[in-house]
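These notes open a run of structures that come right after.
Two complexes follow with subunit A in common, the first pairing it with subunit B and the second with subunit C.
Now for the complex of A and B:
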């Protein structure tokens, strides 16, 4: 049993001790130790299915280590460590505990070998992560957190429904390839799709993540959606419908990102766009494409966390993250600026940065399989992501016009976390072989062919040219104090009205039922009172003479009848 | 006088000018970008492409596609603002 414990449980159980530890130093050291210990333990685990538990006729496989779960587990542990370092200055134990339970449960879910174990960890991620939103402790974060929780738990409920149907039909709860032919397969796909922020199911992400705390958003950005990507890769590799879904996902969020003012929300939109690439890879389903998805998830977690860290540092120091109020911060935060640019170059897939060596696998796979329109969409999205994440984020925060804001550089622990993430981004970009070796299938892929480097540079430099031309001609839309409607409008405005109308209808109906019940009861009471009350006919006391009289009458009647 | 998130107030120091604050230097960066773009466009025929799609073999396809794509992106997004943009307190009302 000693080597059959899910590594996620080390983090979850370890997190429970965090509130009890006195002092920031001891607590910090302990929290740093948790992901390191879990990683050391993971390295010692053999491949295969372990931790079988028989529970109510179900055979659970609580630990499955194979190449796919290993690569996701590894990056999740790295992200946990970075999240801990970045949050070391925070005194709030609620955030630390929630963050660790959340990361631990995502890791637990990755190593789950059956649907029931997956479901349990799936729901723990939902419940623990909402505290990272609520920890902002303001009314809009409370509301956004509640919306987030409803949707996340809803995804779990749909997953459970799918699993129950699947179990009834097949008698198996093994978490393997599913397919979309059965109702169970479709339900589970929807459950995964919600967490993966499929188009029209996406808006919980842009709604909730920018409301979380400075450190909370960094942790949130790593796990939920990539857990969904992992689950899709496990269950739905080669499912054709995922290709158009993913292609739409790469394209539509970038339009929102261009006009969004909250820079952390811009990053949430571009997170959505990056997930699209991974979903396309899963849909194509070839070895190259699935490797691309795994590699891209790995790199993406690092550069997306880095970008959220940089924007978090700005929010922490300046107190706002609105593009319309920022600018010129490179003077005050030079290191944060440099790290942000590294993250921006990585997400834009510049050669020598991590995005380049992972996104290429997916685009090449789309090309190789002859998906013409998908390929064109991915190219457009690649250009677009450079435009809004690569240029817009660093430009409006650190350069553009001088906002006059002066602040301190980010705290040391934040800088260290950003430096490590940035080192990964460059390291993987320059020397991708160790990552390629971790991927689920054998790869022979040369990202640095001349053709590839030059065409990518052409795409990116001309995107930069477009930005420059539009900026200099004043066509580029300025950052404005505003918000933009997205699908959350449907449940926040008409949905709320509908709820209000339904509530009114309920209260009117209830009033009517209550009123008529009271009326009826009063009527019954009055009738009873009239007959049985002190004044009532039945309530009167009768003299004995009356009884004797009626007895005589009755007896007389009997005598007369017997003679007839 | 401003304040950061922790309530520490700080003075806004006078505007210290750095290299990038000089519009001439910004121009230099822009000209360098033009030069790089021109170079990347011109060497395109020298690059041996292998892909299956004919469109890729047009001179400067990636460059043109990136430029046109981004201009389209920005103009379309600007149009979206007409329909989708709301004041910040829209949902609080």
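Now for the complex of A and C:
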């Protein structure tokens, strides 16, 4: 019986004190201390299963430290620290507390050794994170938040149902490898899949994340989905079905990201695409692939947070994040521009940036195991990432045509957070060995082999060349330049025509799906309101006669049924 | 002093549990000063948990029920009070809720009840408390009816004294419905008396097993069961006989709502469990007759239909009232599944729901005290002005949703286990799906009170007084504590469940 505390609990319990602390300085210092203290504590923990407690006749393992949980725990703590720094200027204690509880519960879930502990933290992430959406305090955020909450808690209860059935059938609640053969395994996979934003289960992400506050989105982008990636890696490594799922995830968001105007929503789509790489890695399930998944999650959290931070800074200063209304901001926000470009370079996997050293692990693993079509999809998706995150984001926000908007540089705390994230992106890109040492399995991989570098550079150089040529000749109007450039380049093999048709078909289908969903939802809502609203039969006050009538009906039914 | 020594008092504790509040009620009728009346009521209310917990602990230690013969008359002729694992547990829940809310009462009652009626109000409160405790402690079917009427009559007054004029209509409707329910119950008891010639629960149980085989008497027994189950279902607000409840809870004074939501329906649930399991024996009632299926269907209907009504409700008290109907559905569902896990979950939920719902209504009572309304439009943004009150509301709300780390999760867990144990996977799905609806209605009010701009009335409000915050946070603390240490709830409930299920096999 050991009593080590889950590091996530340190942050959750610590967060409860935040509202009580007076003054921004004291509160800020305290909040910075929390992830640092938790990290120092984590460093001192031995490997193994600890923190056993008894709850409802179940023995819970509230703390399991092994290599997989350690690497995710570490990056989550770094992300927590970045989130705190980035949000230091915010005075709203609700956001701070919710953000810390959310981060802490994600960390707690990573170190959970059994399904019940996992479920508990899983639900806390769902409930605490919705406050980050609601904190925007506008009606669309309210509605999006409630939808988000129901889906997240729904994922939790599906997990619970799966766990209960698993427990009933096997008598074990240990959080280990699951199969997809049993009902329990399928339910748990669906629960993980919802949080991981599997295709068709993904809409909550693009729905809610762009609605959250400036600082909230940064925190949200780091935890929920990566927690799901961790859970999948723990429970479903080598599950074949994940390979096609992941491949679809890498490819389909590109079409959405291309036409999206809200730059934070573009990032939300590209988040989905990046998750696809990790899911593919889990599906392949070899040591190399799982290493790639862990490494990619690590790097991804950093550069994705960096990009969301940069866009958040723009939103904070300019008040809009619509691509068509921005442009020319590099004059006003030079530092933010630089950091954003670092993030863009990392997500596009430029050599010497962090995305390069992690993504190539997964792509190589796909190649090595002979999944050629997957390999092709991933290459296509990589190029797509370069388009929408690598070029579109910095270009529309900071360059393009000058919107005439002039503003201040981002607040100092935002710049510091971005600088730290950028330093990680470059540092890991140049010198990946410390990250490789953290990975679950031994790494026998050289990211900077001639072949890798040349392949990647070819991909990127062609883009850059084409981009420059089109800029010079001025063939396309400024806003559309990057879109057409990239579409042209990527779809050269299938042909631009096909791409356009596909795009059109996609938008028509999507319009139809969206329209009919909205119609159906409205219909259901109206029907429910008609019956349950204040005027509805179930919701109104009844005359006494009605009450007596139903009592009589029930009595009659019970007695008659008893005689039958 | 010898006569008052502990050794002499201890055997009398079962009767004192009812006599003390009755005497307290008598005393308050003579007090015209409302503060003195409150003080008497508080002192009385605070002695009761000690007695009930003492009784429960000694039952749990010995494993034997405590039987108290009134006037030393033997069982079939006299009335006995009987404390076993089940009744001791429910007595403790009622007594604790009855005591914890008393500090809240003084300001709330002073604000909502006219000066001349305040002392009477405490009289009625103590009468109601005595009636509820009496229902649970008595071992006699007719005596239970008497206490049911005592508590009900007091309840009608507690509701009718609300300032809102609709309270009068709500109380009147509850009076009619409550009377119908009690009548159905007493008809059922009468039929049993005709067949068996006894009213004592233990005697009834032993004689019914003979009567049920006799074809001449079987019909009477089955009819009696139907009347009793439906009558009590009306008192405990099982769907679709819940219609009296939303308005009664919504328009009663805050203090009365908090008290009734935590205790009144729970006493009726106790009586139902007692009659169905201890007297009839679950073997007959739930396996050979369709009553189990009927109750399961009605419970699930309550879980969904009442929850959906709660989603659209714009009066916070009425929203919680609908939620109560849904939560009662969970309790009756576990009882109808009638296995060890289901019974444990239901009995644990009696305590858990009492604690959480009382906390929620106390929070709304505090808001009503400051704002004078609990309509969503009036209390929007109140979280900014009353952060401690609304934070407590949020935590108790999480409990209602069944969030892990709260007491609500524990009950939901056992209910789901019960359904899986019986192979009812679709019921597991329904439990899970209905709890998602509670996410919506709690989410909706959370958003209203925390993230909307304060309304005119809310902008002027300030934090609730300490006398309201302390009971509120005590209950919220218990919601969290009982989410981790479940010995008091699940431990006792599983003992009681074991006893109930053994008794019938």
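Of note:
Going forward, the second predicted complex is superposed on the first by the 459 of 564 C-alpha atoms of A that agree within 3 Å, B and C clash if a C-alpha of one lies under 4 Å from a C-alpha of the other, contacts with A are read in each partner's own complex, and residues count from 1 in each chain.
Basically, a contact is a pair of C-beta atoms (placed from the backbone, for glycine too) under 8 Å apart; a residue touches a chain by one contact, two chains touch by 3 or more.
These numbers come from a predicted model, not from an experiment.
In the superposition on chain A, A:315 makes contact with subunit B only, not with subunit C. In the superposed model, A:298 makes contact with neither subunit B nor subunit C. Look at A:356: by the touch rule set out above, it reaches neither subunit B nor subunit C. In the superposition on chain A, A:175 makes contact with neither subunit B nor subunit C.
In the superposition on chain A, contact of A:528 is made with subunit C only, not with subunit B.
Of the two partner chains, subunit C is the only one touched by A:551; subunit B is not.
By the document's definition of touching, neither partner reaches A:252: not subunit B, not subunit C.
Touch criterion met: A:563 reaches subunit C, while subunit B stays clear of it.
Shared contact residues of subunit A with subunit B and subunit C: none. Touching subunit C in their complex are the following residues of subunit A: 19, 55-56, 94, 116, 119-120, 123-124, 127, 130, 134-135, 137, 142, 145-146, 149-150, 153-154, 157-158, 160-161, 164-165, 168, 528-529, 531-534, 536, 538-539, 541-542, 544, 546-548, 550-551, 553-555, 557-559, 561-564. Contact residues of subunit C toward subunit A in the complex are 172-173, 176-177, 180-181, 184, 219, 222-223, 225-227, 229-230, 233-234, 240-241, 243-244, 246-247, 289-291, 294, 298, 305-306, 308-309, 311-314, 387, 398, 401, 403-405, 410, 413-414, 416-417, 420-421, 425, 428-429, 432-433, 435-436, 439-440, 443-444, 447, 450-452, 484, 486, 490. Put simply, subunit A touches subunit B in their complex at residues 140, 254-256, 258-259, 315-319, 330-331, 367-368, 370, 372, 375-376, 379-380, 383-384, 387, 399, 402, 404-408, 450-451, 454-470, 472, 475-477, 480-486, 492-493.
Subunit B meets subunit A in the complex at residues 2-5, 10-13, 15-16, 18, 20-21, 30, 33-34, 36-37, 40-41, 43-44, 47-53, 60, 62-67, 69-71, 73-78, 80-81, 83-88, 90-92.
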